[in-house]
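Below are two complexes that have chain A in common, paired first with chain B and then with chain C.
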Partner chain A sequence: MRSNKGTWLLLSPGIIWIMLFLVAPLIMMIYVSFWTQTTFSIKPDMTVASWVNFFSSDTYFGALLRTVRIWFTVLVVTILVGYPVALYIGQFIKNKTLQTALLVTCVIPFWTSFLIRVLAWRPMLGKEGAINIVLQKIGIIDAPIEVLLFTELSVIIGMVQIYVVFMVGPIAFMIGRIDGSLIEGARDLGASTWTIFRRIILPLSMPGVIVGAIFVTVMVLGEFATASALSGRKVNLLGNIIITQVGSLKWAFAAVAGVVLTVVMATFVAIMLRIVNLRNQL
Partner chain B sequence: MDKVVSLRWFLGIFTAAFVLFLYGPFIVMGILSFQQGPEGGPQFPIIEWSTYWYQHVFGLAPPSRIAPLPIGEALIRSLTLAFATMVVSTVMGVLTAQAFRRPFRGSGIVFYSVILGMIVPGVLLGLGMVLLANQVGIDRNWWSTAFVLHVVYTYPFAFLVMLAIFNRFDESVEEASLSLGVSPAKTFRKVTFPIIFPGVLSAMLFAFTLSYDEFPRTLFTGGSDVTMPIAIYGTFAVEIHPNLFAFGVISTLFSFSLLAVYGILLTLSIRRQNQRASGLQEDIT
Partner chain C sequence: MLEVKAVSKNFSGVPAVEDVSFTVNENEYVTLLGSSGSGKSVLLRLIAGLLTPDEGDVFLNGAPITDLPCHERRIGFVQQKYALFPHLNVYDNIAFGLRHRVIDPVKDESIIRKKVQDTIELVGLVGQETKMTGQISGGQKQRVSLARTLVTEPKICLLDEPLGALDANLRERMTIELQNIRRELGVSFMHVTGNEFEALAMGQNMLVMSDGRIVQQGAPQDMYARPQDLITAKSMHNFNIFSGDDLSAQLKAGTSDKLPATKLKDARFCAIPMDKIDISDASAKTSGLSAEFLTSEFLGNKIIYFFKIENGDVCEVEDHMSLRERRELKANATYQLHWKSKDILYYGENKQLLG
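The block that comes next holds the complex of A and B.
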């Protein structure tokens, strides 16, 4: 039997690392958001000026609203697109090897550089892009669709493709765990396919949806690269605001945007964690 | 029953379309990487098939108005950083997961603070780290401020992988070894480690690939010597050329070879374990 001291000895490198390089920077960010910002410098005199500035400025507050809107759209779309795929992999494929192979197929793009994945959408969506060419060849459209690239739509398409895998994985995992005899039993008792889905599969897969939603949320809210690459810097999310503010050494504004982002994210994750205990699902 | 069959077909077609959606951009990118150079742009139609842009990436193409990608030193830095991150985060992940095998007070809060490292968006952490470094008066470098954030990011992955491994770990083997008088250190080396090795390998793979590709955390904290993803990001601002696509294809192939090495190592370790187990059995009978 190892002593309690041994446990803390094993934990100490991790705890120290997290304290110094995760907790301290985040506290510093909150602290700096109350500093006084002038054009060329920043002073540690406490003020709420940057906060007032943030919420009264159309640029910043607008970016917050846009960020929330895009995040919510991406979240809903990833659930709508990811759930059927997860259902197919988890319920309709009985062969374990094939199941794993399909999941691996979904994960493989994850092993390509993130920036390259974003960039790959450019020749796809452009005015002379692959989608427009194909649609024109089949004769569905006469003129190329121009709203595909450098709009909010392109940002959403790009984000859905990049992050949907994080929705499919957890849901497929939960659906795959459902006891087959439960469904057979329900069917023997005369339950319709819809009833089985609504009463058995949906509730049992809910933890997967929640975990997926948490993944997608934290990743989309922290995004800026997809937005700047696929919108031609027209769509500015809070992440982009942080980048520009840091670029012009406006540390206090950047910190305010960072804290706002953290609050939005933490609120959502806390609500989700009330519904499902992440640790028990492992 | 008909309903189920049609549902199966619908979902099957939906999944196929989904896979096409995931891979479409790569296929297009792969095709366009063979665009004619240096005049051919990053769009259709293909003027003439050529490997010009691949030569361009490796610096073999005759000089043109399109600047070569700033790889080379950036690549070395990225690989060094990924390797260091892999070693540190895997060791810490194993240690922390080992501690979690016994219940202890405060385990919930430790668990969630470790997990926080992979959840907090890179931009926020990068920003916080820069502010902290400014305050303390530390220079920003890829091997210092960026490195510690890479570990914060990859260590939770290593920890979770090891936790899952230890959850399925048969402790009686270890206890048997200890009760036979084998020292704890030797027990870890000879008994525990071979069993958890596949997990360690997965943790290493995660840490290496995540760090190699890491971008938002490095953007602020990396200093003036750029890593690979930052170098790529730098080319975003200006006009893009098919050399980025060629580079994308090459780096994808590199990732796959890494994945293949992982697969081979894993198979070898499982086979060796099976052999050892059967050898042991022969000894006993």
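The block that comes next holds the complex of A and C.
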């Protein structure tokens, strides 16, 4: 117990930081969600009105369902798109320098600002955007596909492109760590390439998938910018609701949406961590 | 049973295995001795099918398997680093081949259980079945790796430095156990090692590899007593090798009886066993090869004295403690080394044993 003092000294900046900027705001948010909200003011009188209002309103509860649906779609697509890329980088590229170079390449879009990356999809997906023009020129379609922009689809496309790299990174890292001798060993024991993937590579890369899924989840669930920029404000996620509620000074309502969002995220992360014990794997 | 014919393999122009041919018979323990970088691991991988030879062929029971992929060869390969699957427990590691092989997988879990349990008993892992591979010791990992291969009943089992990572006690025990296990199963083992004692102790037949070539093969006792090739002699670590322009002068000085003139004329190298050299004081009447005493190394049952001879080469003399007392030698003092003519092995220009 001699190191007690030193330990606390080292821990204190972190603890103070987390207390001030995470724990206190969280408690405050929960607290405020029970305050009484009138049109122009808010009073600290405890009520569940905002909660009842949230879950009984189609607009708000619908936004929650939409958020979960879009998040889940983006999550599945990032895994489907990201895993093969990560497998290629981690397993088929033997040269470590080239591996790093390819991973850095995945991050190149991040050299521009977030909003520019999102807005860049508009000239791509629009009615007279690049994709429609190309498809029309080569004669695959006669009329432009309108569903590409300002729909849920465009929001999903935009989010997948932005967040897939957070899936590729952790998976490629885990796959890259798999010792080649394991794969040789499995092959020598008579296993086919598919069996080796299914029985060795996939289970050993699961921690990467879990970490990637947590990254993507935390970012997508809190999203509002991609949704409003690529849906023309037609697709409202919980994040967008919070923004508008705060804008119109409806603090109690924004707090309810915030708490709900936090609970959804925390539940998912907890379930993921139950599935794979990261401490054993990393 | 296993026949390797004129197999060669290059890595970007650098030959790793060159024109290697040998045969492993049914129910035989073969050891392959070679220093690191001699190409012995590459040779094993060529046989296992993890690498494809540039030239030559591999046959198993008369059928060519050179173009067969690794997982269809049914050749067991126990890797140097064990390569256990970290996400599976001991039982599932051992059952992996039976369950998941392409050819003739075992679907019936009760048969798998029977086979795995038998193998677990054979290698002495009873009670460890449910442990994860991270929870067992190096020796146990070695056994799991061996069991995992043996349970699939391969026609031949290749072992890549299987005892390399074990401590000395365990190595000695595993040496005996490996032989017992092999005898019990009646399967052929090809054991690769960089340790000459291991190669001598375990093999019924022994191959010595150097610079990608097999330099000698034969029974261990012949290899040790009369190495046909100078490289074999060197790898036994039992001989002092004399060479150079002053070879015959050195031999004349150190040999206490008459030298055979014809062999002496053709010899470019000579090998003299370390334990066949005697030491006497510089003042003694007997003639000998003058050498400066450097240091000695006490190894329990034997002691090794290191001398520097005139041309700068180091000459080692080995005394068994059961045969004589420890000598009291002074560092940097000069002594006379001498030996008998019958103990000298002569090697010609081509590094082959003469006569």
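Quick notes on this one:
The rule is simple: the second predicted complex is superposed on the first by the 274 of 282 C-alpha atoms of A that agree within 3 Å, B and C clash if a C-alpha of one lies under 4 Å from a C-alpha of the other, contacts with A are read in each partner's own complex, and residues count from 1 in each chain.
Here, contacts are C-beta pairs under 8 Å (C-beta built on N, C-alpha and C of every residue); 3 or more make two chains touch, one makes a residue touch a chain.
Here the structure is a predicted model, which is why all the values come from computation and not from measurement.
If you put the two complexes together on chain A, you find that chain B and chain C both fit without a clash. Between chain B and chain C, it is B that contacts the larger number of residues in chain A. Rounded to the nearest 10, the angle made at the CA centre of chain A by the CA centres of chain B and chain C in the overlaid structures is 80 degrees.
Contact with neither chain B nor chain C is seen for A:Ala270 once the two complexes are overlaid on the shared chain.
In the superposed pair of complexes, A:Leu221 makes contact with chain B only, with no contact to chain C.
In the superposition on chain A, contact of A:Arg199 is made with chain C only, not with chain B. In the superposition on chain A, A:Thr105 makes contact with chain B only, not with chain C.
In the superposed model, A:Leu189 lies in contact with chain C only, and not with chain B. When the shared chain is aligned, no partner comes close enough to touch A:Ile138: not chain B, not chain C. By the touch criterion stated above, A:Trp17 is placed in contact with chain B alone, chain C being left untouched. Taking all C-alpha atoms of chain B against all those of chain C in the superposed arrangement, the shortest distance found is 7 Å. Touched by chain B in one complex and by chain C in the other are residues 192 of chain A.
Here chain C touches chain A in the complex through residues 48-50, 69-72, 74-77, 79, 81, 83-87, 96-97, 100-103, 105, 148-149, 152, going by the rule given at the top. Within the complex formed with chain A, the residues of chain B that make contact are 3-4, 7-8, 11-12, 14-15, 18-19, 21-26, 28-29, 32, 42-44, 91-92, 95-96, 98-99, 102, 104, 108, 110-111, 113-117, 119-125, 127-132, 134-135, 148-149, 151-152, 155, 159-160, 163-164, 167, 209, 213, 215-216, 219-220, 229, 232-233, 236, 240, 244-245, 247-248, 251-252, 255-256, 258-259. The touching residues of chain A, when paired with chain B in their complex, are 2, 4, 7-8, 10-11, 13-15, 17-18, 20-29, 32, 81, 84-85, 87-89, 92, 102, 105-106, 109, 111-117, 119-124, 126, 128-130, 133, 161, 164-165, 192-193, 214, 218-219, 221-225, 228-229, 239, 242-243, 246, 251, 254-255, 258, 261-262, 265, 269, 278-279, 282.
Interface of chain A with chain C (complex): residues 179, 181-182, 184-192, 195, 199-200, 203-204.
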